[in-house]
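In what follows, subunit A forms one complex with subunit B and a second complex with subunit C.
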Partner chain A sequence: MTSTEVIFTDVSKFYGEVLGVNKVTLHIPPGITSLVGPNGSGKTTLMNLMTGLIRPGRGSISVLGLSPNEPEKLMRVTGYATQFDSAPRWATGMEFVTTGLTLYGYSQHDARDRAWQALDQVGLTEAAERKVAGYSKGMRQRVRLAQAIAHDPQVLVLDEPLNGLDPLVRAETITLFRRYAAEGRHVILSSHVLQEVDLISDQVILISNGMIVAEGEIRGVRDEISEHPSQFIIRCRDASRIASLLFCEDHVTEIKMNDDRLGLLVLTRNREEFSQALTRIALAGYSIDGVIPSDENVDALYEYLIGGGRS
Partner chain B sequence: MAIYKRGYERYQGPLTSHWTRVLVLPRFAWRRLFQQRLVLILMIASLIWPLLCGLFIYLSNRLDLLQSLPGDIKNMLAINGKFFLIFMNVQSVFSVLLAALAGPGLIAPDLANNALPLYFSRPMTRVDYVAARIATLVGLLSLVTWLPGVLLFWMQAGMAGWTWFTKNWYLGAGILCGFGAWILVVSLVALACSAYVKWRIVAGGLVLGFFFVLAGVGQIMNAVLRVDWGSLLNPTQSMNIIWSAMLGVEPPSGPGVWVCAGVLIALAVLLGLVLERKLRAVEVIS
Partner chain C sequence: MTTAITKVEVQQAWTIARSEMRRAFLSKRGLWVYLLALFPCAAYLAHDVQMKVMEERWTRHGLTSVQLVDSFTKGETADAVLKRAPNPAFDHSWKNRRDDDGDRDGRAAEGREKTGKDRKERAEETVQRRAITYFDGQRVVDLRFSDGVLQEKLVRPIRDLEMDRRIFAGIFQYFYLRLAIFFGCLGIFMNLFRGEMLDKTLHFWFLMPVRREVLLAGKYIAGLTAASVIFGGGALLGYAAVLWPHNGVEGQAFMAAVGWSHAFWYAAAAVLGCLGYGSVFLAAGLLLRNPIIPAAVILLWESINGFLPAVLQKLSVLYYLQSLCPEAAPMDENSPMLRLLLAPAAPASKSLAIVGLVAVTALVLWAASRAVRTIEINYSTE
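On to the complex of A and B.
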């Protein structure tokens, strides 16, 4: 059966007595998916499982309909860049990527062409014939990415791919991820930079202690966290009057006024009713310049769902 | 959720065969190895003895002087199983030195750099990886073991004639099979040491220690306990007994051929288990 999703069904993986992941059930659609969680939470284990590097102790995994029990097929559709700086120091960037491609079965000629294209995509053509030993941290990160994308995989799995990149290369890399996603491919990555995750992800998977805490689009996940009131920033001219009107609403639990008295931070337990209340206030003639949800981001989700264990 | 165009198409072009892919690693490793001066020097040094043996074969077949020597001396200089056994023993030392030099660089750096996921996230199994690493050593050690050995055998057969060949064909088979078994043992020892110790130099020392220190320990045990099974601790001695049987030479005192073969097979299995245990895509530190 052909599938376009990466599916985990009740997957558990223990390394002896050490927990990797426990009872994970996931459906990852194409697009950019970020794995977020503290160190040791199981992000890398999930990545190793979906690339067939390790097998689950329990449950099943399907990557686009392929099982890790068919590594020959699976590894042709997946590209993996681990968090480790594994490129041999004595090889040139070109040799490193080319050799990787010949292991996939490309002829030497094809491998060189594709390696060049991959190095071009990560902006490393000028340094392609230089030894990896002479690369900066960012360049080594890019050559790692190049070897993962060189065989044009459908599922790209990247462990901390943006670490060590300068802002320009970071932006180019994110553009590359978006292009991959736009072609209907999977880009599954882990990152500690939550603002970045927010910026690039179509969906997030929050993981803690080997368990999936939440998955889905950021807004959808936020909607389901009922125990934490939603936070909105309202930019308006008559902040004190709007605050007094909002206080009359049952769903509003807290309001803080900005020092400049031109803005409010409102906490509400019901987003729908809050929206209606704001509409009523606006129709009553009060000027509202803008309303921005302030906790519809991975940072807030992380804080709410995982809490103090952030690394 | 974004709406995707699904414009991606998988590569449908031709791919090389499985074993061509596996042999990518040995090809890469050989290129690296032959760039090392020490490997080249050792390789050249290890070919001196085969050259001398070749010269000896030539002289023994050509010089009338040798033909006219008295029987005892003539027998001593004859090209027979003993001659090839001495050749194999000398070359086995060079093969250990080469394995100690080349072997540790094959796995230890991959483990130290966490590079195994790079291999195993490609269509390559652990068995393929080990086969590729063994092939690297087999290729290297073949140049100093069975290849010159078989060449010498054919040289002698060519010079001594068909009669000699029909009487002594087993020498050629013994050289090939004996060195084949030896290369396998030496390669497994070198790879297991390389997998067990992540530092190349220490792994190289461990390979040398395995062969030379164990030989000493075996001798000491034989001397102190007045036994002969101490030789079983010495893979070189065990292999020498097997080679003697293969070449039809009186074996040195010690355990029997089948006991030696059993010990070497057990050793190979043990080393295989070490590799199985150490070569994992993911290292878990509990």
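On to the complex of A and C.
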């Protein structure tokens, strides 16, 4: 069976009596997908399940039609940069990456070439011949990323991949993820930096206590949260007059005026009607410089759906 | 699911084995296995040094030719002996009451009957004792005189190849096979998976496009290579240390007759021990966290092998290994319990022992390959 998706079907995983994930059903399409949830919510468990490091207690998992029980096939199309901070003691950065590549069937020469390219992408060429055990935490993070991308996988699974990266490498890494996504590959990552997730993700999966709380494109997920009014920031010159006009609308629940009186924060229960109201106001001759949705981001979704402390 | 090993998988197993050999040979947790492996060699080298010191000490006291030493016969007088060989290593005289002497050598009653003297009279009689010791470069010869006449000639070689070989056979079977290789393999093979769990590095291999069985094979090859080199080498070094001081005619004759064959079988028994115990501890490392438990259980199983029914005896590594040893180990005939524990249950022929050992190993590795498929990375519980 061939498939372009990563599919979880009714997957549960318990560690003894401790819940890992419970009855997870997911269809992850190509693109950048972020797993978001508090510590212990099950993000890493999902990643470990899809790469075969752990086995589900029930349910099934398919990665591009391949079973995680067959690493010899799965890992040819998958690269996983784990959060496990240890590396074999014997390995230099170069050996760490080339040993893996030789197991993929590359010759020593080709493996070194590819390893060098991967290490270059994560800015680690200078330390390539040093022992990984002596690397800093950030360098170990980068060498794991290099190993995950070295064989050019179709599915890249990354547990907190941007931790410990300096701004330049971080930007280059995000560019790499975007390139992968543009090529129709999967980049599945977890991150606790919600702004970052917001910036790079095509879709998000919100997970809490081992259960999937929401999944899909950020805008789509936001639309489905009806109990929280949508928030918009309006930049305008005549803020007080526009505020009084909007108050007449039934769907508007709250308006806050900026201190500079050049902007408004509007809470509405109906995005369509809000849009129409703004059009009427603009046609009436009031100047509106811009309208920005302020809670169509992972931060807001997290707050609405999960709340509490963030991972 | 296919279980046949392809050419690519052979290459993968070899790549894994090469990487893992560093862990197997040089793991900081496992450096003590070298001490176990080299103990017999070290013990014999220490023994050799001790013998060398003893030889030098005897030589300083006086050296007599072999022919002269061999020429002394019972009934000769001490003066005649000293005239022919005037430089003994030791010459010591003392007196005994004849009664003491008689009691000791069992001639008292006979003496009493012949002389008819009573006990009081006899107590006043003495016998002149003398011990003259010669050293011919290899043997210490004690000549025991009574009233100046040679009664006894005791010959003790400083180096006794026969004795050294028997002691080595005992060390090899009771220490090397039962303890050194057993615990050495425990250290090497359990470390291959369990050590990686503790180091939190096993996921590195699990994230490679490699069948778990191939990973198991690669790690086993690495462990077996290291254990064979360490313990096979240790056995050969130990045996060399036994033979090294006997480099004279006796040593050469022994080597020409059976020496090389014995050396081969000692090394083979050590390597096959690593093969068998290695598979057992590799499997145990997959299934159990605490090495003490499998070690205790397997050690007990191996120890009570002699008490088990014939079928179960064949599920023991030691059963086959003892059959491969080229020389019988010395056994205390007065301790039947010890004899039962240490003696081979029912020795098999060498070829049968090898086949049996390989079969036991294959069975255990098959079980390990089933276990490795289901193993999960869960470092937090380690």
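Here is the rule we go by: the second predicted complex is superposed on the first by the 302 of 311 C-alpha atoms of A that agree within 3 Å, B and C clash if a C-alpha of one lies under 4 Å from a C-alpha of the other, contacts with A are read in each partner's own complex, and residues count from 1 in each chain.
Keep this in mind: a contact is a pair of C-beta atoms (placed from the backbone, for glycine too) under 8 Å apart; a residue touches a chain by one contact, two chains touch by 3 or more.
In this text, all values refer to a predicted model and were calculated from it rather than measured experimentally.
Three-chain overlay on subunit A, with subunit B and subunit C in a clash. Which of subunit B and subunit C touches more residues of subunit A is settled by the count: it is B.
With both structures placed on the common chain, the touch criterion links A:P71 to subunit B and to subunit C. In the superposed pair of complexes, A:E17 makes contact with subunit B only, with no contact to subunit C. When both complexes are overlaid on chain A, the residue A:W90 reaches subunit B and subunit C alike. Looking at the shared chain after the overlay, A:R55 reaches subunit C, while subunit B stays out of its contact range.
In the superposed model, A:A182 makes contact with subunit B only, not with subunit C.
Judged by the touch definition given at the top, the superposed model places A:D299 against neither subunit B nor subunit C. By the touch criterion defined above, A:D113 lies against neither subunit B nor subunit C after alignment on the C-alpha atoms of chain A.
Shared contact residues of subunit A with subunit B and subunit C: 15, 48, 51-54, 71-72, 75-76, 80, 82, 84-88, 90, 99-100, 102-105.
Remark: subunit A residues 15, 48, 51-55, 69-76, 80, 82, 84-90, 99-100, 102-105 touch subunit C in the complex. Subunit B makes touch with subunit A in their complex at residues 1-2, 4-8, 10-11, 13-17, 20-21, 24-25, 28, 32, 109, 113-115, 117-125, 281-282, 284, 286.
Residue ranges of subunit C in contact with subunit A, taken from their complex: 1, 8, 11-12, 15-16, 19, 22-23, 199-201, 203-204, 206-212, 214, 373-374, 376-379, 381.
The part of subunit A that touches subunit B in the complex is made up of residues 4, 15-18, 29-31, 48, 51-54, 71-72, 75-78, 80, 82, 84-88, 90, 99-100, 102-107, 110, 147, 151-152, 154, 181-185, 202-203, 217.
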